[in-house]
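In what follows, structures are represented as C-alpha coordinates.
In what comes next, chain A is part of two complexes: it sits with chain B in the first one and with chain C in the second one.
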Partner chain A sequence: MSYKTQAALWLLQRASAAVLGVCVVVHLFTIIYAVRGGLTSAEILERTRGSVGWFAFYSLFVLAVTIHVPIGLRSICTEWLHWRGRSRDFALLLFAAFVAWAGMHAVLAVYI
Partner chain B sequence: MKVFVKRGTEVQQFEVPRQPSQTVLDVVTYIQRVLDPTLAYRYACRVGMCGSCAMMVNDVPRWTCRTHVNKVAAGDRLEIAPLRNLPVIRDLVVDMREFFDKWARAKGEFRGRQTKDDDFAPVKPQSAPRQLADAGIECIGCGVCYAACDVVKWNADYLGPAALNRAWTLVNDVRDRARLDRLRAVSGDAGCHACHSHVSCTERCPKHLSPTASIAGLKRAVAKAVLQGDL
Partner chain C sequence: MRQHASYWAFVVHRVSGIALALFLPLHFWTLAGALEGSLAWTEAPLVKLGEWLIVVALAAHLGGGLRVLALEFLPWRDWQKSLAAAAGALAVGVGLAFALAL
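Right after this comes the complex of A and B.
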(Lines of atoms letter the chains of each structure in order from A and count residues from 1; the text may use other names and numbers.)
(Lines give C-alpha, C1' and ligand atoms only; values in the text may rest on other atoms or scores of the structure.)
Protein backbone atom coordinates (compact mmCIF):
# COMPACT_ATOMS: atom_id res chain seq x y z
CA MET A 1 0.00 0.00 0.00
CA SER A 2 1.43 3.39 -0.97
CA TYR A 3 2.44 5.92 1.66
CA LYS A 4 -0.15 8.26 0.18
CA THR A 5 -2.95 5.73 0.77
CA GLN A 6 -1.66 5.06 4.29
CA ALA A 7 -1.61 8.77 5.03
CA ALA A 8 -5.12 9.08 3.55
CA LEU A 9 -6.33 6.23 5.80
CA TRP A 10 -4.96 8.07 8.82
CA LEU A 11 -6.73 11.26 7.77
CA LEU A 12 -9.99 9.38 7.14
CA GLN A 13 -9.80 7.77 10.56
CA ARG A 14 -9.32 11.15 12.26
CA ALA A 15 -12.10 12.75 10.23
CA SER A 16 -14.50 9.84 10.89
CA ALA A 17 -13.63 10.04 14.62
CA ALA A 18 -14.68 13.69 14.63
CA VAL A 19 -18.00 12.78 12.97
CA LEU A 20 -18.49 9.89 15.40
CA GLY A 21 -17.91 12.19 18.34
CA VAL A 22 -20.86 14.35 17.30
CA CYS A 23 -23.03 11.37 16.28
CA VAL A 24 -22.54 9.55 19.61
CA VAL A 25 -23.45 12.65 21.61
CA VAL A 26 -26.61 13.27 19.53
CA HIS A 27 -27.54 9.57 19.75
CA LEU A 28 -27.07 9.42 23.54
CA PHE A 29 -29.01 12.61 24.20
CA THR A 30 -31.81 11.35 21.97
CA ILE A 31 -31.97 8.13 23.99
CA ILE A 32 -32.00 10.03 27.31
CA TYR A 33 -34.73 12.34 25.98
CA ALA A 34 -36.76 9.53 24.42
CA VAL A 35 -36.88 7.20 27.45
CA ARG A 36 -38.49 9.79 29.71
CA GLY A 37 -41.78 8.23 30.71
CA GLY A 38 -40.96 4.83 29.23
CA LEU A 39 -39.97 3.65 25.80
CA THR A 40 -41.87 1.57 23.29
CA SER A 41 -40.97 0.42 19.80
CA ALA A 42 -44.05 2.21 18.52
CA GLU A 43 -42.69 5.50 19.89
CA ILE A 44 -39.33 4.96 18.22
CA LEU A 45 -40.89 4.10 14.89
CA GLU A 46 -43.19 7.09 15.13
CA ARG A 47 -40.15 9.32 15.35
CA THR A 48 -38.02 7.62 12.70
CA ARG A 49 -40.46 6.37 10.04
CA GLY A 50 -40.40 8.62 7.02
CA SER A 51 -38.09 11.07 8.77
CA VAL A 52 -35.48 12.14 6.22
CA GLY A 53 -33.51 13.93 8.95
CA TRP A 54 -33.06 10.84 11.15
CA PHE A 55 -32.41 8.70 8.08
CA ALA A 56 -29.64 11.09 6.98
CA PHE A 57 -28.23 11.30 10.51
CA TYR A 58 -28.02 7.54 11.04
CA SER A 59 -26.72 6.96 7.51
CA LEU A 60 -23.88 9.37 8.32
CA PHE A 61 -23.34 7.49 11.61
CA VAL A 62 -23.09 4.18 9.71
CA LEU A 63 -20.72 5.70 7.15
CA ALA A 64 -18.43 7.03 9.88
CA VAL A 65 -18.37 3.63 11.64
CA THR A 66 -17.73 1.85 8.32
CA ILE A 67 -14.67 4.03 7.76
CA HIS A 68 -13.40 4.25 11.32
CA VAL A 69 -13.60 0.71 12.64
CA PRO A 70 -11.76 -1.22 9.86
CA ILE A 71 -8.88 1.31 9.88
CA GLY A 72 -8.53 0.88 13.63
CA LEU A 73 -8.72 -2.91 13.29
CA ARG A 74 -5.95 -2.68 10.68
CA SER A 75 -3.55 -1.42 13.34
CA ILE A 76 -4.73 -4.07 15.81
CA CYS A 77 -4.22 -6.81 13.19
CA THR A 78 -0.69 -5.53 12.51
CA GLU A 79 0.42 -5.02 16.07
CA TRP A 80 -1.31 -7.78 18.00
CA LEU A 81 -1.81 -10.51 15.39
CA HIS A 82 1.17 -9.60 13.16
CA TRP A 83 -1.20 -9.94 10.23
CA ARG A 84 -0.08 -7.74 7.35
CA GLY A 85 -0.34 -7.46 3.60
CA ARG A 86 -3.16 -7.86 1.13
CA SER A 87 -4.99 -10.67 2.91
CA ARG A 88 -5.44 -8.41 5.96
CA ASP A 89 -6.60 -5.45 3.88
CA PHE A 90 -8.96 -7.60 1.84
CA ALA A 91 -10.47 -9.16 4.97
CA LEU A 92 -10.98 -5.68 6.43
CA LEU A 93 -12.64 -4.49 3.23
CA LEU A 94 -15.08 -7.38 3.54
CA PHE A 95 -15.62 -6.48 7.18
CA ALA A 96 -16.25 -2.84 6.20
CA ALA A 97 -18.82 -4.02 3.64
CA PHE A 98 -20.51 -6.11 6.35
CA VAL A 99 -20.61 -3.18 8.79
CA ALA A 100 -22.09 -0.92 6.08
CA TRP A 101 -24.70 -3.55 5.15
CA ALA A 102 -25.66 -4.33 8.76
CA GLY A 103 -25.81 -0.65 9.67
CA MET A 104 -27.89 0.42 6.70
CA HIS A 105 -30.14 -2.62 7.16
CA ALA A 106 -30.97 -1.34 10.66
CA VAL A 107 -31.36 2.26 9.51
CA LEU A 108 -33.75 1.28 6.71
CA ALA A 109 -35.71 -0.99 9.05
CA VAL A 110 -36.74 1.97 11.19
CA TYR A 111 -37.13 4.40 8.27
CA ILE A 112 -39.44 2.49 5.95
CA MET B 1 22.62 -3.04 48.25
CA LYS B 2 21.51 -6.09 46.26
CA VAL B 3 22.00 -5.67 42.52
CA PHE B 4 20.46 -8.10 40.05
CA VAL B 5 22.08 -7.97 36.61
CA LYS B 6 20.50 -9.68 33.62
CA ARG B 7 23.13 -11.59 31.68
CA GLY B 8 21.61 -13.48 28.77
CA THR B 9 18.95 -15.75 30.18
CA GLU B 10 20.48 -15.67 33.66
CA VAL B 11 20.17 -13.07 36.40
CA GLN B 12 23.31 -12.64 38.50
CA GLN B 13 23.17 -11.17 41.99
CA PHE B 14 25.83 -8.84 43.39
CA GLU B 15 26.32 -7.04 46.68
CA VAL B 16 27.45 -3.46 46.07
CA PRO B 17 28.21 -0.89 48.82
CA ARG B 18 26.07 2.29 48.79
CA GLN B 19 27.94 5.57 48.33
CA PRO B 20 26.76 9.17 48.47
CA SER B 21 25.76 10.57 45.03
CA GLN B 22 26.23 7.10 43.54
CA THR B 23 24.90 6.64 40.00
CA VAL B 24 23.67 3.41 38.43
CA LEU B 25 26.69 3.56 36.12
CA ASP B 26 28.92 3.71 39.22
CA VAL B 27 27.23 0.52 40.42
CA VAL B 28 27.79 -1.30 37.12
CA THR B 29 31.39 -0.05 36.98
CA TYR B 30 31.99 -1.27 40.55
CA ILE B 31 30.68 -4.72 39.62
CA GLN B 32 32.91 -4.90 36.54
CA ARG B 33 36.05 -3.58 38.23
CA VAL B 34 35.76 -5.26 41.62
CA LEU B 35 33.37 -8.20 41.52
CA ASP B 36 33.25 -9.64 38.01
CA PRO B 37 35.53 -8.35 35.23
CA THR B 38 33.64 -10.38 32.60
CA LEU B 39 30.59 -8.12 32.79
CA ALA B 40 30.06 -6.31 29.47
CA TYR B 41 28.50 -2.85 29.42
CA ARG B 42 28.90 0.34 27.41
CA TYR B 43 29.65 3.91 28.39
CA ALA B 44 31.82 6.79 27.26
CA CYS B 45 31.37 10.35 28.54
CA ARG B 46 29.83 9.71 32.02
CA VAL B 47 28.21 13.16 31.94
CA GLY B 48 25.02 12.69 29.93
CA MET B 49 26.31 13.77 26.54
CA CYS B 50 27.17 10.69 24.52
CA GLY B 51 24.04 8.59 25.00
CA SER B 52 25.86 5.26 25.21
CA CYS B 53 25.12 4.04 28.75
CA ALA B 54 21.32 3.59 28.64
CA MET B 55 19.99 0.45 30.32
CA MET B 56 16.82 -0.86 31.91
CA VAL B 57 16.89 0.06 35.59
CA ASN B 58 14.14 -1.58 37.64
CA ASP B 59 12.34 -2.19 34.33
CA VAL B 60 12.53 1.46 33.25
CA PRO B 61 14.88 2.67 30.49
CA ARG B 62 17.29 5.30 31.85
CA TRP B 63 20.64 6.96 31.14
CA THR B 64 22.64 5.31 33.88
CA CYS B 65 25.39 7.95 34.21
CA ARG B 66 22.91 10.59 35.35
CA THR B 67 20.59 8.33 37.30
CA HIS B 68 21.22 8.42 41.03
CA VAL B 69 20.75 5.17 42.89
CA ASN B 70 18.91 7.02 45.68
CA LYS B 71 16.17 8.00 43.26
CA VAL B 72 15.55 4.62 41.67
CA ALA B 73 16.55 1.87 44.10
CA ALA B 74 13.45 0.17 45.39
CA GLY B 75 14.47 -0.38 49.02
CA ASP B 76 17.96 -1.73 48.81
CA ARG B 77 17.47 -3.45 45.51
CA LEU B 78 18.40 -2.61 41.93
CA GLU B 79 17.60 -4.59 38.80
CA ILE B 80 19.71 -3.81 35.76
CA ALA B 81 19.09 -5.21 32.28
CA PRO B 82 19.96 -4.35 28.68
CA LEU B 83 17.72 -1.86 26.85
CA ARG B 84 14.40 -3.30 25.72
CA ASN B 85 13.45 -3.59 22.02
CA LEU B 86 17.03 -4.02 20.80
CA PRO B 87 19.04 -7.20 20.19
CA VAL B 88 21.47 -7.99 22.99
CA ILE B 89 25.12 -8.46 22.03
CA ARG B 90 26.28 -9.49 25.50
CA ASP B 91 25.18 -8.78 29.07
CA LEU B 92 24.17 -5.08 29.14
CA VAL B 93 25.37 -4.22 25.64
CA VAL B 94 22.73 -3.94 22.92
CA ASP B 95 23.16 -3.74 19.17
CA MET B 96 22.21 -0.17 18.20
CA ARG B 97 22.44 -0.74 14.42
CA GLU B 98 18.70 -1.18 13.91
CA PHE B 99 18.08 1.98 15.95
CA PHE B 100 20.43 4.12 13.84
CA ASP B 101 19.51 2.43 10.54
CA LYS B 102 16.01 3.70 11.18
CA TRP B 103 17.36 7.25 11.49
CA ALA B 104 18.77 6.76 7.97
CA ARG B 105 15.47 5.29 6.77
CA ALA B 106 13.67 8.36 8.16
CA LYS B 107 16.11 10.46 6.10
CA GLY B 108 17.68 11.85 9.21
CA GLU B 109 20.60 13.43 7.39
CA PHE B 110 20.65 17.13 6.55
CA ARG B 111 20.55 17.90 2.83
CA GLY B 112 21.32 21.53 2.21
CA ARG B 113 20.73 23.71 -0.82
CA GLN B 114 23.91 25.71 -0.69
CA THR B 115 27.54 25.07 -1.46
CA LYS B 116 30.66 26.23 0.33
CA ASP B 117 30.80 29.19 -2.07
CA ASP B 118 27.48 30.54 -0.82
CA ASP B 119 27.17 32.91 2.08
CA PHE B 120 25.75 31.81 5.45
CA ALA B 121 22.02 31.08 5.43
CA PRO B 122 20.32 33.57 7.74
CA VAL B 123 18.02 31.70 10.17
CA LYS B 124 16.29 33.77 12.80
CA PRO B 125 16.43 31.93 16.16
CA GLN B 126 12.98 33.27 17.06
CA SER B 127 11.29 32.15 13.81
CA ALA B 128 8.55 29.54 14.31
CA PRO B 129 10.20 26.69 12.31
CA ARG B 130 13.54 27.20 14.10
CA GLN B 131 11.81 27.12 17.49
CA LEU B 132 10.15 23.82 16.53
CA ALA B 133 13.46 22.39 15.34
CA ASP B 134 15.26 23.59 18.47
CA ALA B 135 12.66 21.86 20.67
CA GLY B 136 13.84 18.46 19.42
CA ILE B 137 17.46 19.09 18.48
CA GLU B 138 19.15 18.08 21.74
CA CYS B 139 18.62 14.33 21.24
CA ILE B 140 21.74 12.38 22.24
CA GLY B 141 20.65 9.13 20.56
CA CYS B 142 20.65 7.11 23.78
CA GLY B 143 17.79 4.81 22.71
CA VAL B 144 15.79 5.31 25.92
CA CYS B 145 12.69 6.40 23.98
CA TYR B 146 13.06 3.42 21.64
CA ALA B 147 13.14 1.05 24.61
CA ALA B 148 10.17 2.80 26.23
CA CYS B 149 7.97 2.61 23.11
CA ASP B 150 5.31 -0.11 22.96
CA VAL B 151 4.71 0.44 19.24
CA VAL B 152 8.37 -0.47 18.56
CA LYS B 153 7.75 -3.68 20.50
CA TRP B 154 4.60 -4.53 18.53
CA ASN B 155 5.67 -3.35 15.07
CA ALA B 156 9.29 -4.17 14.20
CA ASP B 157 9.23 -1.88 11.16
CA TYR B 158 8.23 1.20 13.15
CA LEU B 159 10.92 3.86 12.84
CA GLY B 160 10.62 4.81 16.49
CA PRO B 161 10.48 8.09 18.42
CA ALA B 162 14.12 9.17 18.03
CA ALA B 163 14.30 8.77 14.24
CA LEU B 164 10.96 10.54 13.79
CA ASN B 165 12.00 13.31 16.17
CA ARG B 166 15.16 13.77 14.10
CA ALA B 167 13.10 13.92 10.89
CA TRP B 168 10.85 16.57 12.46
CA THR B 169 13.82 18.81 13.31
CA LEU B 170 14.90 18.62 9.65
CA VAL B 171 11.39 19.20 8.31
CA ASN B 172 11.56 22.49 10.20
CA ASP B 173 15.04 23.38 9.01
CA VAL B 174 14.51 26.05 6.35
CA ARG B 175 17.91 25.29 4.80
CA ASP B 176 16.98 21.67 4.07
CA ARG B 177 15.89 20.68 0.56
CA ALA B 178 14.63 17.13 1.15
CA ARG B 179 11.37 18.01 2.93
CA LEU B 180 8.98 16.06 0.71
CA ASP B 181 11.29 13.05 0.43
CA ARG B 182 11.50 12.99 4.19
CA LEU B 183 7.73 13.32 4.64
CA ARG B 184 7.30 10.35 2.30
CA ALA B 185 9.87 8.37 4.31
CA VAL B 186 8.11 8.99 7.63
CA SER B 187 4.54 8.33 6.39
CA GLY B 188 2.47 5.25 6.86
CA ASP B 189 2.50 2.03 8.86
CA ALA B 190 6.22 2.16 9.71
CA GLY B 191 6.26 5.89 10.25
CA CYS B 192 4.54 8.61 12.20
CA HIS B 193 1.03 7.24 11.55
CA ALA B 194 1.80 4.13 13.59
CA CYS B 195 2.33 6.19 16.76
CA HIS B 196 -0.51 5.82 19.29
CA SER B 197 0.62 8.81 21.36
CA HIS B 198 1.22 6.68 24.46
CA VAL B 199 3.76 9.37 25.45
CA SER B 200 6.16 6.81 26.98
CA CYS B 201 9.04 8.29 24.94
CA THR B 202 8.35 11.77 26.25
CA GLU B 203 7.92 10.44 29.78
CA ARG B 204 11.32 8.71 29.70
CA CYS B 205 13.46 11.02 27.53
CA PRO B 206 16.40 12.00 29.77
CA LYS B 207 16.80 15.25 27.82
CA HIS B 208 13.14 16.14 28.44
CA LEU B 209 12.36 16.30 24.74
CA SER B 210 8.93 15.41 23.42
CA PRO B 211 9.16 12.98 20.52
CA THR B 212 5.37 12.63 20.85
CA ALA B 213 4.97 16.29 19.90
CA SER B 214 7.45 15.89 17.05
CA ILE B 215 5.54 12.87 15.71
CA ALA B 216 2.25 14.77 15.99
CA GLY B 217 3.91 17.57 14.00
CA LEU B 218 4.93 15.08 11.31
CA LYS B 219 1.37 13.73 11.15
CA ARG B 220 0.08 17.27 10.57
CA ALA B 221 2.78 18.04 8.00
CA VAL B 222 2.10 14.81 6.07
CA ALA B 223 -1.67 15.38 6.19
CA LYS B 224 -1.21 18.91 4.86
CA ALA B 225 1.10 17.72 2.07
CA VAL B 226 -1.37 14.98 1.06
CA LEU B 227 -4.31 17.41 1.02
CA GLN B 228 -2.32 19.91 -1.03
CA GLY B 229 -1.32 17.15 -3.46
CA ASP B 230 2.41 17.61 -2.81
CA LEU B 231 3.08 14.02 -1.79
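Right after this comes the complex of A and C.
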Protein backbone atom coordinates (compact mmCIF):
# COMPACT_ATOMS: atom_id res chain seq x y z
CA MET A 1 0.00 0.00 0.00
CA SER A 2 1.41 3.39 -1.02
CA TYR A 3 2.12 6.15 1.46
CA LYS A 4 -0.42 8.28 -0.40
CA THR A 5 -3.20 5.75 0.25
CA GLN A 6 -2.12 5.38 3.90
CA ALA A 7 -2.22 9.16 4.34
CA ALA A 8 -5.65 9.32 2.67
CA LEU A 9 -7.00 6.62 5.02
CA TRP A 10 -5.52 8.44 8.05
CA LEU A 11 -7.16 11.70 6.97
CA LEU A 12 -10.50 10.01 6.20
CA GLN A 13 -10.43 8.38 9.64
CA ARG A 14 -9.86 11.75 11.38
CA ALA A 15 -12.40 13.61 9.23
CA SER A 16 -15.06 10.95 9.85
CA ALA A 17 -14.14 11.02 13.58
CA ALA A 18 -14.77 14.76 13.70
CA VAL A 19 -18.24 14.28 12.12
CA LEU A 20 -18.93 11.34 14.44
CA GLY A 21 -17.88 13.41 17.46
CA VAL A 22 -20.89 15.65 16.84
CA CYS A 23 -23.22 12.80 15.77
CA VAL A 24 -22.42 10.66 18.83
CA VAL A 25 -23.02 13.53 21.29
CA VAL A 26 -26.46 14.12 19.71
CA HIS A 27 -27.09 10.33 19.66
CA LEU A 28 -26.18 9.90 23.35
CA PHE A 29 -28.53 12.72 24.39
CA THR A 30 -31.30 11.21 22.23
CA ILE A 31 -30.73 7.72 23.69
CA ILE A 32 -30.88 8.95 27.30
CA TYR A 33 -34.01 10.98 26.47
CA ALA A 34 -35.66 8.11 24.56
CA VAL A 35 -35.26 5.36 27.18
CA ARG A 36 -36.96 7.29 29.96
CA GLY A 37 -40.16 5.43 30.85
CA GLY A 38 -39.24 2.49 28.58
CA LEU A 39 -38.39 2.16 24.92
CA THR A 40 -41.36 1.94 22.56
CA SER A 41 -41.55 1.72 18.76
CA ALA A 42 -44.34 4.32 18.71
CA GLU A 43 -42.23 6.87 20.56
CA ILE A 44 -39.23 6.38 18.25
CA LEU A 45 -41.34 6.52 15.09
CA GLU A 46 -43.22 9.59 16.30
CA ARG A 47 -39.90 11.39 16.47
CA THR A 48 -38.40 10.15 13.20
CA ARG A 49 -41.25 9.41 10.75
CA GLY A 50 -41.42 12.08 8.05
CA SER A 51 -38.73 14.17 9.75
CA VAL A 52 -36.32 15.41 7.09
CA GLY A 53 -33.97 16.69 9.82
CA TRP A 54 -33.57 13.28 11.51
CA PHE A 55 -33.34 11.58 8.09
CA ALA A 56 -30.46 13.90 7.08
CA PHE A 57 -28.78 13.50 10.47
CA TYR A 58 -28.91 9.68 10.47
CA SER A 59 -27.86 9.51 6.79
CA LEU A 60 -24.75 11.57 7.62
CA PHE A 61 -24.21 9.37 10.68
CA VAL A 62 -24.34 6.19 8.53
CA LEU A 63 -21.97 7.70 5.95
CA ALA A 64 -19.42 8.64 8.64
CA VAL A 65 -19.72 5.18 10.26
CA THR A 66 -19.29 3.48 6.85
CA ILE A 67 -15.95 5.29 6.47
CA HIS A 68 -14.80 5.13 10.09
CA VAL A 69 -15.49 1.55 11.17
CA PRO A 70 -13.73 -0.34 8.31
CA ILE A 71 -10.62 1.89 8.59
CA GLY A 72 -10.52 1.25 12.35
CA LEU A 73 -10.98 -2.49 11.82
CA ARG A 74 -8.19 -2.39 9.24
CA SER A 75 -5.68 -1.29 11.90
CA ILE A 76 -6.94 -4.01 14.24
CA CYS A 77 -6.71 -6.69 11.50
CA THR A 78 -3.13 -5.62 10.79
CA GLU A 79 -1.85 -5.15 14.35
CA TRP A 80 -3.73 -7.80 16.31
CA LEU A 81 -4.61 -10.45 13.71
CA HIS A 82 -1.56 -9.90 11.43
CA TRP A 83 -4.01 -9.98 8.51
CA ARG A 84 -2.69 -7.89 5.62
CA GLY A 85 -2.96 -7.69 1.86
CA ARG A 86 -5.81 -7.75 -0.60
CA SER A 87 -7.95 -10.32 1.20
CA ARG A 88 -8.14 -8.04 4.27
CA ASP A 89 -8.98 -4.95 2.20
CA PHE A 90 -11.56 -6.85 0.13
CA ALA A 91 -13.24 -8.19 3.29
CA LEU A 92 -13.32 -4.68 4.78
CA LEU A 93 -14.78 -3.24 1.57
CA LEU A 94 -17.53 -5.85 1.76
CA PHE A 95 -18.11 -4.95 5.41
CA ALA A 96 -18.28 -1.24 4.50
CA ALA A 97 -20.84 -1.99 1.78
CA PHE A 98 -22.88 -4.02 4.26
CA VAL A 99 -22.77 -1.25 6.89
CA ALA A 100 -23.88 1.35 4.32
CA TRP A 101 -26.72 -0.86 3.07
CA ALA A 102 -27.95 -2.01 6.50
CA GLY A 103 -27.56 1.49 7.92
CA MET A 104 -29.59 3.19 5.21
CA HIS A 105 -32.13 0.36 5.35
CA ALA A 106 -32.57 1.16 9.08
CA VAL A 107 -32.69 4.93 8.47
CA LEU A 108 -35.41 4.46 5.84
CA ALA A 109 -37.33 2.08 8.12
CA VAL A 110 -37.71 4.77 10.79
CA TYR A 111 -38.29 7.60 8.26
CA ILE A 112 -40.98 6.18 5.96
CA MET B 1 4.44 0.88 29.64
CA ARG B 2 1.34 -1.02 30.77
CA GLN B 3 1.20 1.04 33.96
CA HIS B 4 0.76 4.16 31.87
CA ALA B 5 -2.65 5.89 31.54
CA SER B 6 -2.05 6.33 27.79
CA TYR B 7 -1.73 2.56 27.34
CA TRP B 8 -5.09 1.99 29.04
CA ALA B 9 -6.66 4.79 27.04
CA PHE B 10 -5.46 2.98 23.89
CA VAL B 11 -6.81 -0.41 25.07
CA VAL B 12 -10.22 1.01 26.08
CA HIS B 13 -10.48 2.90 22.78
CA ARG B 14 -9.68 -0.21 20.77
CA VAL B 15 -11.83 -2.70 22.71
CA SER B 16 -14.81 -0.30 22.76
CA GLY B 17 -14.34 0.16 19.00
CA ILE B 18 -14.48 -3.59 18.39
CA ALA B 19 -17.59 -3.88 20.59
CA LEU B 20 -19.30 -1.08 18.64
CA ALA B 21 -18.36 -2.61 15.27
CA LEU B 22 -19.85 -5.95 16.36
CA PHE B 23 -22.97 -4.27 17.74
CA LEU B 24 -23.63 -2.19 14.62
CA PRO B 25 -25.18 -4.93 12.40
CA LEU B 26 -27.40 -6.03 15.30
CA HIS B 27 -28.48 -2.42 15.90
CA PHE B 28 -29.38 -1.85 12.23
CA TRP B 29 -31.18 -5.19 11.98
CA THR B 30 -33.24 -4.40 15.09
CA LEU B 31 -34.13 -0.94 13.83
CA ALA B 32 -35.09 -2.14 10.36
CA GLY B 33 -37.29 -5.01 11.52
CA ALA B 34 -38.25 -4.96 15.16
CA LEU B 35 -39.87 -1.51 15.09
CA GLU B 36 -42.87 -3.17 13.48
CA GLY B 37 -43.31 -5.32 16.56
CA SER B 38 -43.03 -4.75 20.26
CA LEU B 39 -39.88 -3.57 21.99
CA ALA B 40 -40.98 -5.18 25.27
CA TRP B 41 -38.01 -7.58 25.03
CA THR B 42 -35.75 -4.59 25.73
CA GLU B 43 -37.11 -4.62 29.31
CA ALA B 44 -35.27 -7.90 30.09
CA PRO B 45 -32.47 -7.29 32.65
CA LEU B 46 -29.78 -8.89 30.46
CA VAL B 47 -30.78 -6.71 27.49
CA LYS B 48 -30.67 -3.64 29.73
CA LEU B 49 -27.20 -4.62 30.93
CA GLY B 50 -26.11 -5.06 27.30
CA GLU B 51 -27.60 -1.67 26.37
CA TRP B 52 -25.81 -0.07 29.28
CA LEU B 53 -22.47 -1.62 28.31
CA ILE B 54 -22.80 -0.52 24.68
CA VAL B 55 -23.76 3.05 25.66
CA VAL B 56 -20.72 3.21 27.97
CA ALA B 57 -18.58 1.77 25.13
CA LEU B 58 -19.90 4.50 22.81
CA ALA B 59 -19.12 7.23 25.36
CA ALA B 60 -15.66 5.73 26.05
CA HIS B 61 -14.89 5.52 22.33
CA LEU B 62 -16.06 9.13 21.88
CA GLY B 63 -13.86 10.27 24.78
CA GLY B 64 -10.89 8.27 23.48
CA GLY B 65 -11.39 9.62 19.95
CA LEU B 66 -11.58 13.24 21.13
CA ARG B 67 -8.37 12.57 23.09
CA VAL B 68 -6.60 11.33 19.93
CA LEU B 69 -7.83 14.33 17.90
CA ALA B 70 -6.68 16.76 20.63
CA LEU B 71 -3.25 15.09 20.82
CA GLU B 72 -2.76 15.04 17.06
CA PHE B 73 -4.21 18.36 15.99
CA LEU B 74 -3.72 20.78 18.88
CA PRO B 75 -0.33 22.24 19.77
CA TRP B 76 1.09 20.45 22.83
CA ARG B 77 0.05 21.79 26.23
CA ASP B 78 0.43 20.29 29.68
CA TRP B 79 -3.33 19.82 30.13
CA GLN B 80 -3.31 17.26 27.29
CA LYS B 81 -1.72 14.84 29.78
CA SER B 82 -5.08 14.81 31.61
CA LEU B 83 -7.10 13.85 28.52
CA ALA B 84 -7.15 10.13 29.40
CA ALA B 85 -8.77 11.00 32.73
CA ALA B 86 -11.22 13.35 30.97
CA ALA B 87 -12.17 10.56 28.53
CA GLY B 88 -12.77 8.20 31.47
CA ALA B 89 -14.85 10.80 33.28
CA LEU B 90 -17.02 11.30 30.18
CA ALA B 91 -17.70 7.55 29.93
CA VAL B 92 -18.57 7.31 33.65
CA GLY B 93 -20.81 10.41 33.43
CA VAL B 94 -22.74 9.09 30.42
CA GLY B 95 -22.98 5.65 32.06
CA LEU B 96 -24.53 7.15 35.18
CA ALA B 97 -26.94 9.36 33.23
CA PHE B 98 -28.08 6.39 31.11
CA ALA B 99 -28.44 4.14 34.20
CA LEU B 100 -30.63 6.79 35.85
CA ALA B 101 -32.79 7.09 32.70
CA LEU B 102 -33.22 3.29 32.29
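Descriptive notes on the structure:
Rule of thumb we're sticking to: the second predicted complex is superposed on the first by the 106 of 112 C-alpha atoms of A that agree within 3 Å, B and C clash if a C-alpha of one lies under 4 Å from a C-alpha of the other, contacts with A are read in each partner's own complex, and residues count from 1 in each chain.
In the analysis below, a contact is a pair of C-beta atoms (placed from the backbone, for glycine too) under 8 Å apart; a residue touches a chain by one contact, two chains touch by 3 or more.
Small disclaimer: the values here were computed from a predicted structure and weren't measured.
Once chain A is used to superpose the two complexes, chain B occupies space next to chain C without a clash.
Of the two partner chains, neither chain B nor chain C is touched by A:V22. Once chain A of one complex is fitted onto chain A of the other, the partner contacts of A:A97 are absent, as it touches neither chain B nor chain C.
Once the two complexes are laid over each other on the shared chain, residue contacts for A:A56 go to neither chain B nor chain C. Once chain A of one complex is fitted onto chain A of the other, the partner contacts of A:I31 are limited to chain C, with no touch recorded for chain B. Judged by the touch definition given at the top, the superposed model places A:L11 against chain B, while chain C stays out of reach.
Figure note: vertex chain A, arms to chain B and chain C, all at CA centres after fitting on chain A; angle 60 degrees, rounded to a multiple of 10.
Using the contact criterion defined above for the overlaid structures, shared-chain residue A:Y3 touches chain B, although it does not reach chain C. Comparing chain C and chain B on the residues of chain A they touch gives the larger count to C.
Once the two complexes are overlaid on the shared chain, A:T78 sits against chain B while remaining clear of chain C. Smallest inter-chain Cα distance, chain B versus chain C, after superposition on the shared chain: 5 Å.
Note for the complex: chain A touches chain C at residues 14, 17-18, 20-21, 24-25, 27-28, 31-33, 35-36, 38-41, 44-45, 65, 69, 72-73, 76, 98-99, 102-103, 105-106, 109-110.
For chain C in complex with chain A, the residues that touch the partner chain are 14, 17-18, 20-21, 24-25, 27-29, 31-39, 42-43, 51, 55, 58-59, 61-62, 65-66, 68-69, 72-73, 94, 97-98, 101-102. Across the complex, chain B is touched by residues 1, 3-4, 6-11, 75, 78-80 of chain A. Remark: chain B residues 151, 154-155, 184, 187-189, 191, 193-194, 196, 219, 222-223, 226-227, 231 touch chain A in the complex.
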